[in-house]
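The first chain written gets the first letter, and so on, giving A, B, C, D, E and F; residue counts start at 1 in each chain.
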Amino acid sequence: MKRALFIGRFQPFHKGHLYSVNYILKEFEEVVIVVAAAQYSYTLDNPFTAGERIEMIKAGLSDLYDRAYVIPIDNTLSNYEWPRHVLNYTPRVSVVFSNNKLVQILFKTYGLETRGTPVLSGVSGSLVRKLMAEGGEWEVLVPEPTANLIKEFNGVERMKTLWAMRVKMSGERFDE
Amino acid sequence: MKRALFIGRFQPFHKGHLYSVNYILKEFEEVVIVVAAAQYSYTLDNPFTAGERIEMIKAGLSDLYDRAYVIPIDNTLSNYEWPRHVLNYTPRVSVVFSNNKLVQILFKTYGLETRGTPVLSGVSGSLVRKLMAEGGEWEVLVPEPTANLIKEFNGVERMKTLWAMRVKMSGERFDE
Amino acid sequence: MKRALFIGRFQPFHKGHLYSVNYILKEFEEVVIVVAAAQYSYTLDNPFTAGERIEMIKAGLSDLYDRAYVIPIDNTLSNYEWPRHVLNYTPRVSVVFSNNKLVQILFKTYGLETRGTPVLSGVSGSLVRKLMAEGGEWEVLVPEPTANLIKEFNGVERMKTLWAMRVKMSGERFDE
Amino acid sequence: MKRALFIGRFQPFHKGHLYSVNYILKEFEEVVIVVAAAQYSYTLDNPFTAGERIEMIKAGLSDLYDRAYVIPIDNTLSNYEWPRHVLNYTPRVSVVFSNNKLVQILFKTYGLETRGTPVLSGVSGSLVRKLMAEGGEWEVLVPEPTANLIKEFNGVERMKTLWAMRVKMSGERFDE
Amino acid sequence: MKRALFIGRFQPFHKGHLYSVNYILKEFEEVVIVVAAAQYSYTLDNPFTAGERIEMIKAGLSDLYDRAYVIPIDNTLSNYEWPRHVLNYTPRVSVVFSNNKLVQILFKTYGLETRGTPVLSGVSGSLVRKLMAEGGEWEVLVPEPTANLIKEFNGVERMKTLWAMRVKMSGERFDE
Amino acid sequence: MKRALFIGRFQPFHKGHLYSVNYILKEFEEVVIVVAAAQYSYTLDNPFTAGERIEMIKAGLSDLYDRAYVIPIDNTLSNYEWPRHVLNYTPRVSVVFSNNKLVQILFKTYGLETRGTPVLSGVSGSLVRKLMAEGGEWEVLVPEPTANLIKEFNGVERMKTLWAMRVKMSGERFDE
């Protein structure tokens, strides 16, 4: 079985992610989608819970889903141990797709092949979040079923609150 | 969307689990399969890693997979907080299936409906593990694609070693 | 200010505990009541949450409460570091009351005086829990306001379920 | 029993906090005071340990203490799970008081009523800490018994050291 | 540089351990001694702190110490991730010495060569601890400088207390 | 036995550290070198793993090693509890050497003497890392055997990647 790993935070899942998955599935039979930083939510960079992100991804993948695993992985304190933590919770793969140089270095120490993912220019998670916060046209950057879920989650309102409060980290600003 | 939660350790995924999933999917559109005690592996009760279990489950579900989420969840120290931890990593559900009375009590404190799962008599995870350890006929209790994966993982040999060493918990017996 | 530390799990708070607090407050102006193993609940040895135990203790102390602190403390993995963890969350004290020899040894390594607590014979947490589980007369061993709270929490029913299931540890027996 | 939750870091407990407690206790019989970020101390934003803060709060509350619980709660990594963590360690409440929009959103997902707390203008924890660090008149912003404790703890000197070193987080700057 | 890993709990360091180190250093230039279960102490199986064990090992190794690293490693919840955790804190090695079959299996998944350690018959950590607890002649099983340190630590008295109380795990039996 | 504690992150071990160890060993028989922030690696401030750092330190110490312990210690969330955590994993000492005012305050609460370490001017970990990242002459600031190890670890290339990516914390920037 030819299977590849694809890592992201998916805050939220957007058309660039879908493009990458399509690309990977041209060569590989299955893709293991790692929902990284899974423990975080209700922050500026991580507004959605892992459960919400998984729901969005399955909806956005549509017919591709039966060739995908979608697995939440918590960040660990140790960068060096993190790839082993990922491998503990994921099916076996032969290639890791990531454009992050550090991710590539870390997985290479395990003898795994790493490759860059082709990117759809003009789409990124931070852009989608910024547009949500500022009342811009974010929907066009996101698969339609995912956009509908974001609305069900009151995601836009949530994003605006987090933006206004500038909640950078978990546990921050809980008082004065 | 009618969606239900189904909780197990799946050590390994067996025909009783498949029977339950089939039962749930007669009434619900989707099922969220929680792979509990996800952080444990290479012990008597939890021989397989979360990644191996997820691979087994997708293989065992076959055509049903496109209506299923398969999500690893670590055990937490607090029973009281555990259901909220589960809900953090899983899509929204309206019903929780479990025959475990404690699981039912804990989820009820969240206002979630809980129901017993119909059970295929004569199949259980502990029986399968025992048969594997003692050289018995465990394959008939497990979906065929799952059985093949267990062999690829050298699962029987691993189970025999753990049985011989009686490795009950993680970190146990690492020396003398 | 003369202040003493008094450590227990208070599963549940009983007349023996109240007797000890009364004894301590004859000599000390204030008592710091440590609710140990605070993270555990819904198990055989720790049926009640820390919040429930704190509510029981304040009710049971009645007029003595204004001379008491009631502070939940999680168990730590390290026995050696545990007393420092306790001291991190508690007001300053000069004496530690405990009949547990290990607790005494551990606190002595900090230079703190330790003393045994006088015990009301015939009352213990394990006895109260056993009576609750077996339908015995547990109420007489517990201050009346505490007994009322236990009933509000459906504590007896919960204790019977845990007893029947033999839930020894958190995260145990979540499936088969 | 009408009971409310009131959340703060109390670094240190000041007259604004006392004002809020008085306000809450006009309507509610009891108040549960959550000492948040309990694990942190000896940093710029969290100079005092949970134990010191609890000692300050009881002293500052004076006669009101017999209607109050004072409970240290660690921050958790997950904002989404944090309210359940709070509820695990606290007596039952019907209302949560907080002026923090995120805290309000998070508790609402539990079906709990949230309300803003009336604020005494011109008093805040960050102002008190700044005055302490810069040699200003911080005592007038703090209840007198609390101010005395801060002096016993050498709090002003500690605050000046942390200010000079700019110790933002735990574990920071332990060497070069 | 030819370097090997040698894993134990060293509760306490005994002549069997010294025999193994001597054996390893006949073939290897350096040995990395992993003090496993480092976080545990003041229990029946782990009476000594990591710091005490390290002090004992250096004393017991005497002239061999300049070819040894002595490194405390906490147990992790995941057996599968544990070898990577070990490798994170230890210098590079080419061979892992252990007579524990599970340790061998786990390290093999990293592609590391594992070998059994020759054992001095009649010596084991559990025997030394038992003799200490029961007033037997434990000193002959331990290098003399190590035996002296155990006495400085009041190790025999501590072992007797733990034996009498049957303190199996951390955090156990802190009350009734 | 006169023994002292010396704390650093050793990212990397440089001639200033060696100078301090030499100074300490003029007065003390043994030094306990604590490798702080041990869990971190592959970040801007902590490029090397604990294992790599320990290997560098032993090499850099050369003949002094037989009078030294080199022990990795993870940072803890609580500054107040951190010294006790250090003491849990280290041999007994009478003096703690550190130029960090906070470290001094924290250890003093344990009744331990603290002293400033004499510093070799013009050498610091942050300078060495900056030179490595920018292609400067870092080797002269580091003992020769340590410099050789850094090259074996591809440390310069790693440092340049982290610098270019500005990887401040673990788990950061794993996607977009």
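Keep this in mind: a residue touches a chain if its C-beta (ideal position, glycine included) is under 8 Å from a C-beta of that chain, and two chains touch if they have at least 3 such contacts.
Fair warning: this is a prediction, and the values are worked out from it, not measured in the lab.
Engineer: How many links in the shortest chain of touching chains run from chain A to chain E?
Structural biologist: The fewest steps needed to get from chain A to chain E is 1.
Engineer: Could you grab the centroid distance between chain C and chain F? Build each centroid from C-alpha atoms only and quote it in angstrom.
Structural biologist: 42
Engineer: Multi-chain contacts only, two chains or more: what residues does chain C have there?
Structural biologist: 39, 41, 49, 78, 80, 88
Engineer: Which word fits the touch map of the chains here: line, ring, star, complete or other?
Structural biologist: It is other, because the touches fit no line, ring, star or complete pattern.
Engineer: Every touching chain pair, please?
Structural biologist: Taking the chains two at a time, the touching pairs are A-B, A-D, A-E, A-F, B-C, B-D, B-E, C-D, C-E, C-F, D-F, E-F.
Engineer: Looking at the complex, which residues from chain F come into contact with chain C?
Structural biologist: So the residues of chain F touching chain C come out as 78, 80-81, 84-85, 88, 111.
Engineer: Under the touch definition given earlier, write down the residues of chain C that touch chain B in their complex.
Structural biologist: Where chain C meets chain B, its residues are 39-43, 49, 158, 161-162, 164-165, 167, 170-171, 173-176.
Engineer: Any idea which chain E residues touch chain F in the complex?
Structural biologist: 38-39, 41, 49-52, 54-55, 58, 65-66, 69-72, 87-92
Engineer: Report the residues of chain C in contact with chain E in the complex, numbered from low to high.
Structural biologist: These residues of chain C touch chain E: 7-10, 36-37, 75-80, 82, 98, 100-103, 105-106, 124-126.
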